[in-house]
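Look for chain A in each of the two complexes below; its partner is chain B in the first and chain C in the second.
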Partner chain A sequence: MTQLIERLSDGLTNGFVYALIALALVVVFKASSTVNFAQAEMALFTTYVAWWMTTRGISIWLALLAACVVGFIIGAAIERTLVRPAEKRGEMPTLLILVALFTAINAIDGLIWGLEYHSMDGLFPAGLDDYVSVASARIYYEDIGVWAAAIIALAVCFMVINKTRLGLLMRAAADNPASAALSGINVGKVYTFGWGSAAVIGSIAGILIAPISPHQLSMATMFPVLIYGSAAAIIGGLNSLGGAVVGGLTLGLAESLITGYVGFIGPQLHQTTALAVMVIVLLVRPTGIFGSRRLERV
Partner chain B sequence: MTRESTLPKPASLPAKRSLMRPAVIGIVAVALLVAGGQLPDFRVSQIASMLIFAIAISGLNLVAGYGGMLSLGHSALFGVGGYTTAILISEMRLTPLSTMPIAIALGVLVGALMGLPATRVKGIYLALVTLAFAVAFPEFLKRFEELTGGAGGLVVRSVDLAPPAWSGFDRFERSQWMYWLSAVVLVLCLFLVRNLIRSRRGLSITALRDNEIAATVCGVSAARDRISLFAISGGITAAGGSLYAMYIGALSPELSFTVFTSIQLITGLIIGGVATLLGPLAGGVAIVIIPAVTLDLANGQAYGLVFGVVLIVVVFLLPDGIVGRLQKMRVFTGRSQSAAHTST
Partner chain C sequence: MSLLSVRGLSAGYGAAPVIEDIDLDVRAGEITVILGANGAGKTTTMRALSGEIKVSGSIEFDGTQIANLRPDQIARRGMRVVPQGRGTLTSLSVRDNLRVGASARTDGDIERDITSWTDRFPALGRRIDQPAGNLSGGEQQMLALARALISRPQLLLCDEPSLGLAPVIVRELFAFLREIQESLGTAMLLVEQNANLALNLATDVYLLEVGRTVAQGSADDFINNDAIRRAYLGM
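This part shows the complex of A and B:
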């Protein structure tokens, strides 16, 4: 029982981070109909920025803010300068650009900050005694903090998208770009903003996961998160914001329970399992569980 | 109306077949190879690795170029070939060459498996499915450690990799042997690709890429063609992997068979020219040269960045790739290529 609660708590923590990355992927997909392979690497870059600031004695909260700003700028710039021109050339060139960014950004991180693992302080107290006991299981403040931060970030996203004028513009531009443009919306700007916001969500995810990742802060930190995040987004439905959250949490919990209780998969086949679920969902229901089908004109 | 009459004959068939062109190409190729073999040993060895990557890329070219489906999973197919050869040599004591058919057969099998989802999903979704294979492969290697050596990798003793006696090379001339072996395999693969693409099946494959609905209406079976395309592609890339294992002698999941290898192969294909016969050769040269040249930059760490930047630049500035560009400029003789072969 104790172990189960601790595993659930771990799973929930990872699940929230996956949900954030999945959400970022969905926001990008709604703007550009593509999966941003570079999403997690962009987040890794801004996480490095935040870590670098904390080593200069700047408070982690301020560093978080700075990382979000840098993330927004990078995301928006990539959309405007690389992705949009590539989109005109078709789906394959767009994918190639994103794959190229995936490698390039990761390499840039290594060039600037080196290959070694950095330990990064989290946003929340992470001492050995910082826990609450639930049925004799320890739930660390660190985990509770990640949950709270993720819930707040998700809530803000949903509020912005569903309740504000900006969100209305985003939804309009995603649903029907032509009509949106005709009613006076600058669709291009909305997409750029979408990419920027996705990168902000990613930055938050990066800063939440880096202190607790088994890879600490290193070049390998975010690749698994990308795998789980994209699996979560596919499972939930690539154009469903709610689906991304459900997908992320489900994968996080499933990962920790399966690793704990299914011997064959053990510690090695983590990502394979998540991806196998993703492939099955794709084959059975290509639009994901909550996604809607996009009609294609013949 | 029968199905036979609904499809036009491939437009690229020349009106009259002359033996001059193939003869000239053959003589030039052999002359180049002989000249290449005279270079210093490390150069010969480097060229051999270019040829090996060219084989792997020409497998990828079938799926990504002629088929129009971006695969991020070819590192797994490359790895299936490599590990099959390495395991069979060190565990079953087979000679290197005799492991190749088995490596290719397994590549065909895994390729077909990867192609199964291609009948249901396409575009980014298919890219993600193939990415799943690329990510799963190293994890499987670590899971089945007793067979694959796990994260530590697998080393084949160089005694076991000696050229066969009939080749006339002794065990100290392994780079010469690998050079000639890779060249022969590459030529066979390119010949296979060329004939496949010029066949009826090839026409339906490019038709599926260019307009799936129209092609299906004309009676092309998308499922059959895509699965067989992936299977053949898997076989070719696995042949490259098998040669790579013989060439390098030591395999490790993190160094050679991660998604980054897929990205390298893709970059090579794009540089060389998507859906061109010789593009993979140019691509193989490029992806061996890029790391070699950037080795001095920033302790060799720059090369991921260089790959990324080169890929972006090529996508925007040279979308047809080197060979595609040359073909458009009609550099290779006056005969124009058929639209089905050069369009992307």
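This part shows the complex of A and C:
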């Protein structure tokens, strides 16, 4: 029982972070119909920015804010200067650009911040005694904080997308760009905003995971997050925001329970399980669990 | 007084232009129709005017040059298109489709206008919170019209609004377009295969053949001139 609760708590924490990255991928996919392979590396960059600020004595909350601003600018700039010109040449050039960007950002991180591991302050109290006991299992404030922060971030995203004028324009531009433009929507601007927002979501995910990641803050911090996050987005259907969240939480919990209870898989094989789950889902439902076939009637 | 004045317009999709050297005027508050066979270049003309394809030549709308502006810039200046195939945002609700149509407006009356449009088209009102992709073809055509008109455009471009609709619905649709023109003073440029109905509705007519205007005149001329009717309209 104790182990189960601790496993679930662990799984939820990772799951929420995967959900955030998956959500960022879906927001980009809805804008540009492409999977941004560089999403997690962009998040790693802004996480480094936040870490660097904390080493200069700036509070982690201010650093989080700064990382979000930097993230927005980088995301928007990448869309405007790299992705949009590439899109005019087709899907393949766009994918290549994004893979190149993945490598480039990773290399830049290494150049600027070095290859060693850094320990990073968390947003939440992380002392040895900062936990609540549930049936003799310990649930750390750190974990509860990650859940709360992720839930707030997700709720804000859903609010913006479904309840605001800006969200309406985003949904219109994603549904039918040509038709949205004929209604007076500057679709390019909306896409730029989408990429910027996705990078903000990614920055939050990076800053939540780095303090508690086994890789601490290093070049490897975001690899598992990218793998699980993209798997979550694909399982969720790539164009469903709710699907991204469900996918992320499912994978986080599955990872934690499988590593804990299925002896032979252990910590080495568990990233393969993410891919296995993804392949199985896609075999059963090629559009993902929540992916929609377009409704069309003419 | 010309609201839209087009001179020497050429446009196409590749090297060779599909439409060439077109002159065309739409008078403020009047309905103008473009007739022509399949493939004559009617849709291409509409797409050239709305900014969807690059053009050469001059397009003056409401006193300013709009040639080669982006579609959203042209739309915000008060020219709206109901494209062939309607362009419904299928995953958005009917209400959100109307909100998108009104998104360039800055006044506070949008929700009230949505209500008045759904009063006008009860079928839309009944499905106001359903995805627009669930609507029937005729209902989608109504939605496309309402979505364009809720922006209160000066000029409405309609590409074959009657396509795929039952004859009785088509007559209702044309009566509605007349009503809008008379009550709101909206100028319209219409592409239509049904020459009979179109000539009844419009005051000015252009006839397009393989990318060029081969005849133009008032609707009355077209109706009364047997030579034109036989030569071009086969009626």
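Note that in this section the second predicted complex is superposed on the first by the 293 of 298 C-alpha atoms of A that agree within 3 Å, B and C clash if a C-alpha of one lies under 4 Å from a C-alpha of the other, contacts with A are read in each partner's own complex, and residues count from 1 in each chain.
Here is the rule we use: a contact is a pair of C-beta atoms (placed from the backbone, for glycine too) under 8 Å apart; a residue touches a chain by one contact, two chains touch by 3 or more.
What you see is a predicted model; the values in this text were computed from it and never measured.
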Please indicate which partner A:Thr2 is in contact with in the superposed arrangement: first for chain B, second for chain C, both, or neither. neither
With both structures placed on chain A, which of the two partners, chain B or chain C, ends up touching more residues of chain A? B
Report for A:Thr164: first if it touches chain B alone, second if chain C alone, otherwise both or neither. neither
Who does A:Ser59 touch here: chain B (first), chain C (second), both, or neither? neither
In the superposed arrangement, does A:Ala178 touch chain B (first), chain C (second), both or neither? second
Quick one: is A:Leu111 in contact with chain B, with chain C, with both, or with neither? Answer first, second, both or neither. first
Under the stated touch criterion, which partner chain does A:Val187 make contact with: chain B (first), chain C (second), both, or neither? second
Is there a shared patch on chain A that both chain B and chain C touch, and which residues make it up? 298
Complex contacts: residues of chain A adjacent to chain B: 33-35, 82, 85-86, 89, 91-93, 95-97, 99-108, 110-111, 115, 227, 230, 234, 266, 268-272, 275-276, 278-279, 282-283, 286, 298
Across the complex, what residues on chain B touch chain A? 64, 68, 70, 72, 117, 120-121, 123-125, 127-129, 131-132, 135-136, 139-140, 142-143, 213, 260, 263, 266-267, 270, 298, 301-305, 307-309, 311-312, 315-316, 319, 344
Which chain A residues qualify as touching chain C in the complex? 165, 168-169, 171-172, 175-176, 178-187, 292, 294-298
Chain C - residues contacting chain A, complex: 50, 52, 70-72, 75-76, 80-81, 83, 85-92, 96, 99-101, 103-104, 131, 133-137, 140, 147-148, 151, 164
